[in-house]
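Below are two complexes that have subunit A in common, paired first with subunit B and then with subunit C.
Then we have the complex of A and B:
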């Protein structure tokens, strides 16, 4: 017998290529064939959309038929544009120079909003930080028209502001008769340059604004205005609510000199946006005597922020329609954790690892599959919540701040990405602890709890701000659709505003996911299955 | 023939025993199970440590500067950690029942003790006996943190703030109530987990209820009547009113009333869970 010559049996089949796409396909099949998981994904979509669309507060007072007519600025953003304007027309180029010698203010102590014509009691002296008086060149007296202004403010020194969102600092310090401020605006075509000076002889350029589409004849002159002051009920509790009160500012200006324009033109006073976010009627106006102008105004020139704390309207951002994401996130996190922990419980992990022994690749395939599935379902659900939500809001009389298509896309895809990242985090922690309860609890407590504590006002504002920076809940920042303005005081709190910029917040969440994935991969290599 | 009859007449001694006797056995069995579960000690330690840490951290982060408006409720402030501690209580409760379902132990349990509601009652009792001492330590630690930290941050008696101490009646009420609150959250979670059975789904449901339910009142801002109803009668919102010591007149529901609402929720869901255990196959 020639036993030694018998060749060992080899299968005639060629060994299959160990491709990553096959691994992905295997994991996708595992996910797809568990009916409960697919149903749960659809449940998550339904929860996100149902809560997101039911959240609209119908304005009961007017049966949904009174959507506020909030003006929009040149950039399409919602703006406040109410001030007292002492103006005359300017055709062509020119420059205006004034000296401001005083800025004083009054604040209503009663709180609440005042409509036009309502007489207010209880005014006490008090200048709010962003009360403004100075000079302005505006395309027209229509609300929301392009402008550039040089102004003295309550406690932020001289400012050049233009087109509602832009703000440049000039000379610091308060204005008084002893230390007046000289302001100058020069128009040359579409470009307006602002200068300031402490003595009227040495001038410094503050900034230059290019106002696209400025007409040949513009309005120029002097202004005074003073924004609503917001007082939160508890300074330390976010979202505890608060009251807004209108305020008044009075500026005294002299040494008015005009170069260009009509010689000997008459000054006329006009209330731009009468009654919007402030006093109107008898309370405001101007006096002219011996070349000195005393102008009293109320309102604000600047962007409207979400939450309605700097406008008389009840405004919100599109984040209002994303509250359902919290529920969808819980469902997705549960599925993602089960995607790995059930393999351990049922012993399937041993078959899986026998079939694809390279464990790092297996974890990558699992993470990619669950990440893509949650991203697709999440993005679709959020897109419906945002797009239909804005429409439903408008229908119900709830004003949602307008957002650009690019921002909308970022909010929709970003929130989908946040859901995907949370799911991958749950998968990674599930691979580390191998227990569903621990994985789900860890992710829910780490992502949801800080957010909920911030929104419901359980934590003091300082603590909730800190936790929204360092915890995985920082990822919710991607939902912020309206920027925060340092020149507008108001309530910047979740769900509309977050302490970190949108992508920085998402990056924090990414960091947690990366660490968890790394740990999971390391332990998967190191431990027996 | 006669031998078979003799065997048929022979019965197990326990099946004839009255319910209260078998309850003692069930208690002992559940106590052994909970005691020997690998995570129990860690979770109990976590309840204490995490609650106190979060409370102390919040106290340290909250300053009351002169001239500024401050959160007036120092007791509630220093009990913030309960918000986190309740998650671990819920996890313990979920593990107490779903662990048996995931390993199939539940079939052995019911074979040994066919009275299923007695098993649930025993689980609930053992869970409460474990949660209560941990909650006492957690609440006492949180109060101690407030007593030590808050006066240094500007919350002094001179400025009209109630000092967090046991001489202050409402603080004692809030402390006792918070301990009971944690125990009730444990019972509610146990009941929900018994109905759901799967550990991951149960954890998601319970934590979803604890953390997402509070925003329900935000959703209803346009309907004040319904908003008030939710604030009064939803389980978690109402239960935490036990921590309030100021502005009681503006609360949607009184402190003990709020805790009572949570107790009714816990009792009702335990009854439903007992019914579900009885009607379904294990």
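Then we have the complex of A and C:
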């Protein structure tokens, strides 16, 4: 039994290639072989879907018939399309020119809450920023028809707007008799070009719109309209409700000149979308005298925003069905933190590091595995919440703003990615603090607390908004399905809107993940296991 | 590359406590090297340094000539059992071995082999949380053997094992050495390594205080003594003292003789017609040899060596 007589041992096994995928395989095996962790992942899915789908009660009385008949624009988006239209038909090409000398407004005293059935009340003077008066060429008087318009606005100068979502600035400044605005629209086939001028002689092009599928004969003429004003009930950021009031705008237009079309055509007034998002009453209409038109309208031509604060329709976004994501996230981050803290608690981390001594690689494998697991479970859960949720909403008479397949995909996969990033953040924090309770507490402070502070309205609006920009909770921005429009005033607040654009919010969360992972990796290298 | 562990001049301080103070030794292939010393001597710290888990303040450790952090698929170079309790309780024994196997590019086949080798087949599909310490030790052994490594390092593998398990473990360690593997086994109880270790590294206060073959250590501790059992104690003492030996009565019927070989003792007694029951060369226990060595190095002098002796039983 002396050393000299025995040849050193050599394994008959052929050495396997060293690959990163083997580490990931090992970490995945670790994850899937703890039944509690798998159960927790399914629990997260159930929470996301249960809350997301039960938030709207199916309405057995009227089912889909309860749905408001919200018009949609050429791009498929829900729109407001209510204005007073003084129009005549135009066959073929032509141009319309007017001079606007005055835009005044009134606000209905007794507003209503969100939704239909506002009370008509007394009127007080007051012009809202996006009150509009000007000229328009529209495919028809049907709500949601393609159009292009040149207008003066309450406080945003001259604008060219078309197809509900597009807005181009023209001459700035308010309109008055001393400082009138000249507006012109020229139709050439499907293309409509807008011009403005301060004096009727020197013209500038504002923009050009290509309206696909414009019929040969279109409606053209003059318009006036004025959107709902929104007043929040609280001075907070959260979508805490508020009141809306209809407003009226009166424009005075003269020097109306038409080129093309039928000479000597008669002007007729029509209340497009009558009884829609505006004040409906005897005040609305137009007067024509000595070539001067005085037009009063109420409503808006533009997109409906999430939360429904700029429309009489009761609308929401799919964010409604993502309310369970927060609960799913809590479960996922707890599991993600424990994925490493339990190894420290049991001393298993030594076995792990002995098996894969390159610690950065190990952390990367662990992060990728927990990230992929939470991404897959999260995305699947959110997909069900969104797709089934839209169906449940329709069934329950809750109007959800339509969203394009691409936006839907971004919301679903993006929310899955947000859950994955939050989980990797939790894992990193777990690697730093090495204790389950401390890690979970840190994650809650890092993600949940800012979210709750940001959306519940405990803080002033500016503070809430700031928190949702700079904290890891900014990642929730990826849930926004409806775009924000600068030309539409309303309540852009969680859960429908976040202060950062979707991917910018996700990028903020990514930044935190990168910093936490870097810190975790540094400490993992530096400290004894 | 020869299968070895080489530890050179390791120093490490934890706060005010000096855990390692120039620890150096080499573990050779083909034998079981016992790594012994009182608690706190630095055995576990040394093992963690060998596995790259703890960074020494100075010095270095090599496994088959390479630093641990340079090893690819380290479990095929060295299998280690540091802490048998380091398990996720909810995971079955088989799944615990499976993730470890995957990390080394190994699969089910190898997992089932080591389960057999460690005698865990009947419990492999049970959750490790319900395992006794002895079963956990076997699971740790199985994990250490996954990569079929030429070097095996086990920290206190006898802890919590029943007599049958201890016997199995001894046999197992012997067989590993017989295959030409380098085996390092730590223990704070010398008795466990009796008849198992070929070589001993004795540690105390963070450094090596003895590094020798077991046979040499025992010979040194035994001296040149013969034990005699006889009912005629007085006659035997007279005869033997007369022949020039030093004789001490160690018991009612036992004498310890120095200065005579067993053969000479038998011849003298027979010649004088003194009846005796037994003559044997005195052989010190490994325990006694160890006590001699560590007497100066025991950290807590208030608790003399007796503590360890009690624990042997």
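Throughout what follows, the second predicted complex is superposed on the first by the 499 of 529 C-alpha atoms of A that agree within 3 Å, B and C clash if a C-alpha of one lies under 4 Å from a C-alpha of the other, contacts with A are read in each partner's own complex, and residues count from 1 in each chain.
Keep in mind that, in the parts below, a contact is a pair of C-beta atoms (placed from the backbone, for glycine too) under 8 Å apart; a residue touches a chain by one contact, two chains touch by 3 or more.
For clarity, every value in this text was computed on a predicted model and none was experimentally measured.
A.B. asks: Sharing subunit A, do subunit B and subunit C clash or fit in the superposition?
C.D. replies: Here the two partners, once superposed via subunit A, fit next to each other without clashing.
A.B. asks: So in the superposed three-chain picture, is A:453 touching just subunit B, just subunit C, both, or none of them (first/second/both/neither)?
C.D. replies: first
A.B. asks: Is A:347 in contact with subunit B, with subunit C, with both, or with neither (first, second, both, neither)?
C.D. replies: second
A.B. asks: Of the partners subunit B and subunit C, which touch A:463 in the superposed model: first, second, both, neither?
C.D. replies: In the superposition, A:463 touches subunit B alone.
A.B. asks: Quick check on the superposed pair: does A:438 touch subunit B, subunit C, both, or neither? Answer first, second, both or neither.
C.D. replies: Touch status of A:438: first partner only.
A.B. asks: Once the structures are superposed on A, label A:13 by its partner contacts, choosing first (subunit B), second (subunit C), both or neither.
C.D. replies: second
A.B. asks: Quick one: the Cα-centre angle at subunit A between subunit B and subunit C, nearest 10 degrees, please.
C.D. replies: 50
A.B. asks: May I ask you to decide whether A:88 touches subunit B, subunit C, both, or neither, giving the answer as first, second, both or neither?
C.D. replies: A:88 sits against neither subunit B nor subunit C.
A.B. asks: In the overlaid three-chain picture, which partner chain does A:55 touch, first (subunit B) or second (subunit C), both, or neither?
C.D. replies: first
A.B. asks: Can A:357 be said to touch subunit B (first), subunit C (second), both, or neither?
C.D. replies: So A:357 only meets subunit C here.
A.B. asks: State the minimum pairwise Cα distance, in Å, between subunit B and subunit C in the overlaid complexes.
C.D. replies: 13
A.B. asks: What residues on subunit C touch subunit A, complex-wise?
C.D. replies: Residues 2-3, 28-31, 48, 51-55, 68-69, 71-76, 80, 82-83, 85-92, 95-96, 98-100, 102-106, 110, 143, 147-150, 177-182, 198 of subunit C touch subunit A in their complex.
A.B. asks: Would you pull the subunit A residues touching subunit C in the complex into a rising list?
C.D. replies: Residues of subunit A touching subunit C: 1-13, 15-19, 22-23, 25-27, 29-30, 33-36, 342-343, 346-348, 350-358, 528-529.
A.B. asks: Spell out the part of subunit B that touches subunit A in their complex, as residue ranges.
C.D. replies: Those in contact with subunit A are residues 39, 57-58, 61-64, 68-72, 77, 80, 83-84, 87-88, 90-91, 94-95, 98, 102, 198-204, 207-208, 211-212, 214-215, 218-219, 221-223.
A.B. asks: Under the definition above, what is the set of subunit A residues touching subunit B in their complex?
C.D. replies: 51, 54-60, 231-232, 234-237, 323, 326-327, 330-331, 333-334, 337-338, 341, 345, 435-441, 444-445, 448-449, 452-453, 455-456, 458-460, 462-463, 466
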